[in-house]
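Below, chain A partners chain B and then partners chain C, in two separate complexes.
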Partner chain A sequence: MAMAQREIELKNPSGLHARPASLFVAEANKFQSEIFLEAKGKRINAKSILGLLSLAIGQGTVIKIEAEGDDAEQAVAALCDLVASGFGE
Partner chain B sequence: MSTVYRGVAASDGVAVAKAFVLDASEPSVERVEVADPEAEWARVEGAIAAAKEELEALRRTALDKLGESEAQLFVAHAQMLEDPELTGQIRQVIEAERVNAEWAVKSVIDTLVGLFDALDDEYMRQRAADVRDVGSRLLRHLQGSAGTSLAELAEPVVLVARDLAPSDTVQLNPALVRAFVTDIGGRTSHTAIMARSLGIPAVVGLGDITARVESGQVLAVDGTEGVVVVQPDEDELRRFSAQVEKQQGERARLAALRDAESVTPDGRRVEIAGNIGTPAEVAQVLAQGGEGIGLFRSEFLYMNRDTAPTEEEQFAAYKEVAEAMQGRPVIVRTLDVGGDKGIPYLGLPREDNPFLGYRAIRVCLDQKELFAAQLRAILRASHYGKLRVMFPMIATVEEVRAAKRELEAAKQALRAEGVPFDEEMEVGIMIEIPAAAVMADRLAEEVDFFSIGTNDLVQYALACDRLNERISHLYQPLNPSVLRLVKMVIDGAHAAGKWVGMCGELAGDPRATAILLGLGLDEFSMSAGSILKVRDVVRNTRYEDAKALAARALEADTEADVLRLVQG
Partner chain C sequence: MVKLDARHVALNLGSEPKEDAIRRVGQMLVDLGHVDAPYVDSMLEREASTTTYIGNGIAIPHGMPDSVQYIRTSGVVVAQYPDGVDFGGEKARLVIGIAGKGEEHMELLSQIATVCMDESNVERLVQASSVDEIVQILERVS
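Moving on to the complex of A and B:
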């Protein structure tokens, strides 16, 4: 099974608050792979909005996105693009 | 047996209808062991599907009425319902403990709420409320009580609630809600303002009326006197029905004034306009015959979101209002927020005295990029109608000059870019700080118009927090001190050839209309629901008589004396 992972810094000013978190989860759910997000020493299911929100990730935090599955590469690339775009903010 | 309750008279009118109690309390849930956990899980899945459908309907309504950022909240709620963390844990509790679906949902939600409450991030703690809301919705569907959904009202009701949140209005059908009755709040709380804008009678601040009334009981509500009668007897019913009938006759008479001019019998013409908080409210103002928008609060664009609205988003909203008003004037007030309103991305500190703190124009002159985006959006929209810009919370002449410099910079940038805007757009300030009222003659040299914000002016003049119920007797909009300040403002402006409006609560109080008219006020801006009543007074008051009345009011000793003058 394919695996992929990448680290990226969160640039948007409000961090991973409700709206960006909601966009992130929607994007993650487009993929078959299992996707995880690691930050502040915790690892959560990236398809879980509650998990994402509970991390309270602020601007400037470096997050690690990991995927396991057939579309792992594409998933990590798409989610990193979304983060890099600053969630359109 | 009837029971009479007294509260704060928040919106005029009488109504009789069955109570509809909006239950904000947590549904009660008991732990029951079950033989078939799979069947319980199937019930949860059914409830999730139903709740998601409901959220989708709410999202569409919110998108329509409130805009995209408010609608996004319902998307986040739907995502929570599908969240594997939530569903997985619920399933696990059902299977491991062999308990009923309701208990599993409640215990998982309670744990999650606790988790969010414990975070050291104020914004994240607010998410606990979202999780709680999602949990309540799920429980409601599990228990088969679609009960509290306002969208599903089928007959006229009196809405009984602890308080009404702005999001409740999304679901509300004004044609079926005959009155509001709430536990908490005062004349200036959200429920009260909304009720007046919809023209629905309201009694607020009743304490624990939600616990004393059951859905289906008949309520007679008098929003003018602040009285609620539960299960009225025949005599009371007859009396209320007669009043309702009289009110309907009065409404019909006022409705005929919709297209009438706001002019006194001896020819003094004024403008009567409406206050709005979102573009959707324009329709109500026009339906009530408003001649303009005297106050377009821009805060809605900034609230309930994670980042400041973009220039484009703001431009779209201002343009929508400018176009909908078809050449009638619209006054856009620039951002008026402070530490008492939660706008996390502005980095507003929690303050001991938020009403005397870092707020409104003070924030805008400090966070110039934020201000510039709003000024550009307003200027660009001015090309599509008759917009005016107004700065809130001005205390000094320097502040007006600084704000005008920012406006001028925005104009120059737009000119350089070749973007069209109204070069003649009028610039005004709110007069709500006594210092500004006293300096009105000097401030008038700087601007095209004033608009008196009486809610804050009264609270600053009398040093009385209008939300503090223990000193509410000191909140006196018709106190002679306030009237003297209003006179200084109007005289100062008129001497410089400028016009004066008023957009606070007092402008829409028909008891005050004759005095304000007599003081020389040029524009009255109010909740849509008051427009016709005030126009009626204007059309029936001779300007010469109003001037004499105003002169006597200025010489009164107390607010009670002033009230006797207008009622006598």
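Moving on to the complex of A and C:
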């Protein structure tokens, strides 16, 4: 089972509110891997909008994205690209 | 923090189109003095751009980022739809209207999400027959 993980800082000014959380989960769901997001000492299923919103991740927070599965590398790369893009904000 | 009283909760509503549900919770926010009327239009605009359905039978309509000017005080209202409202193929049984100023927006989202991640809490909210039950479940988390 392939595993991948990377840390990245959240840049968009308003943090991971509902719209970016929805975009993140939509991207995560394109992959078969199990994907987790860790921030502020908590680890949640990154395919759950509720999970992401529960963390209230603000601008400047470093998040860790982890994936386990055949497409783990691709999943982490795609999600990091999305975060780096600032979700178009 | 979520602060509710009887005026913030509408129980046992019949199913209706999602736009009507959004107007309903928007109007509750207006009537309670949390927002000015244009905020409701922004809630509809936000829904049209990306759905506010977030899973577990919950939708959280709120305005676009530029509508913060219409928020007077942060507030949350809860509409309970036992038969659900169709949000783009997903059924929302709780429609939670949110007006959050500044940092409070993320805090409100987090508090609601923390409660509603637990499906047993959602079930209790959907079946609640009194405002007190809703208030207890939603305000308990901090």
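Assume the second predicted complex is superposed on the first by the 89 of 89 C-alpha atoms of A that agree within 3 Å, B and C clash if a C-alpha of one lies under 4 Å from a C-alpha of the other, contacts with A are read in each partner's own complex, and residues count from 1 in each chain.
As a convention for this text, a residue touches a chain if its C-beta (ideal position, glycine included) is under 8 Å from a C-beta of that chain, and two chains touch if they have at least 3 such contacts.
Just so it is clear, the model here is predicted, and its values are computed rather than measured.
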| item | value |
| --- | --- |
| Touched partner set for A:Gln74, first chain B, second chain C, both or neither | neither |
| Which superposed partner A:Ala18 touches (first chain B, second chain C, both, neither) | both |
| Partner chain in contact with A:Thr61 - chain B first, chain C second, else both or neither | neither |
| Partner chain(s) touched by A:Ile49 [first = chain B, second = chain C, both, neither] | both |
| Those residues of chain A which chain B touches in one complex and chain C touches in the other | 14, 17-19, 21-22, 48-51, 53-54, 56, 58 |
| Contact set on chain C toward chain A in their complex | 49-52, 54-56, 58, 60, 62, 65, 103, 105-107, 109-110, 112-114, 116-117 |
| Chain B residues touching chain A - in the complex, by the definition given at the top | 69, 72-73, 75-76, 79-80, 83-86, 112, 115-116, 119, 121, 123-124, 127, 130-131, 305-307, 344-345 |
| Touch list for chain A against partner chain B, complex | 12-14, 17-22, 25-26, 45, 47-51, 53-54, 56, 58, 89 |
| Chain C-touching residues of chain A, taken from the complex the two chains share | 14-15, 17-19, 21-23, 48-56, 58 |
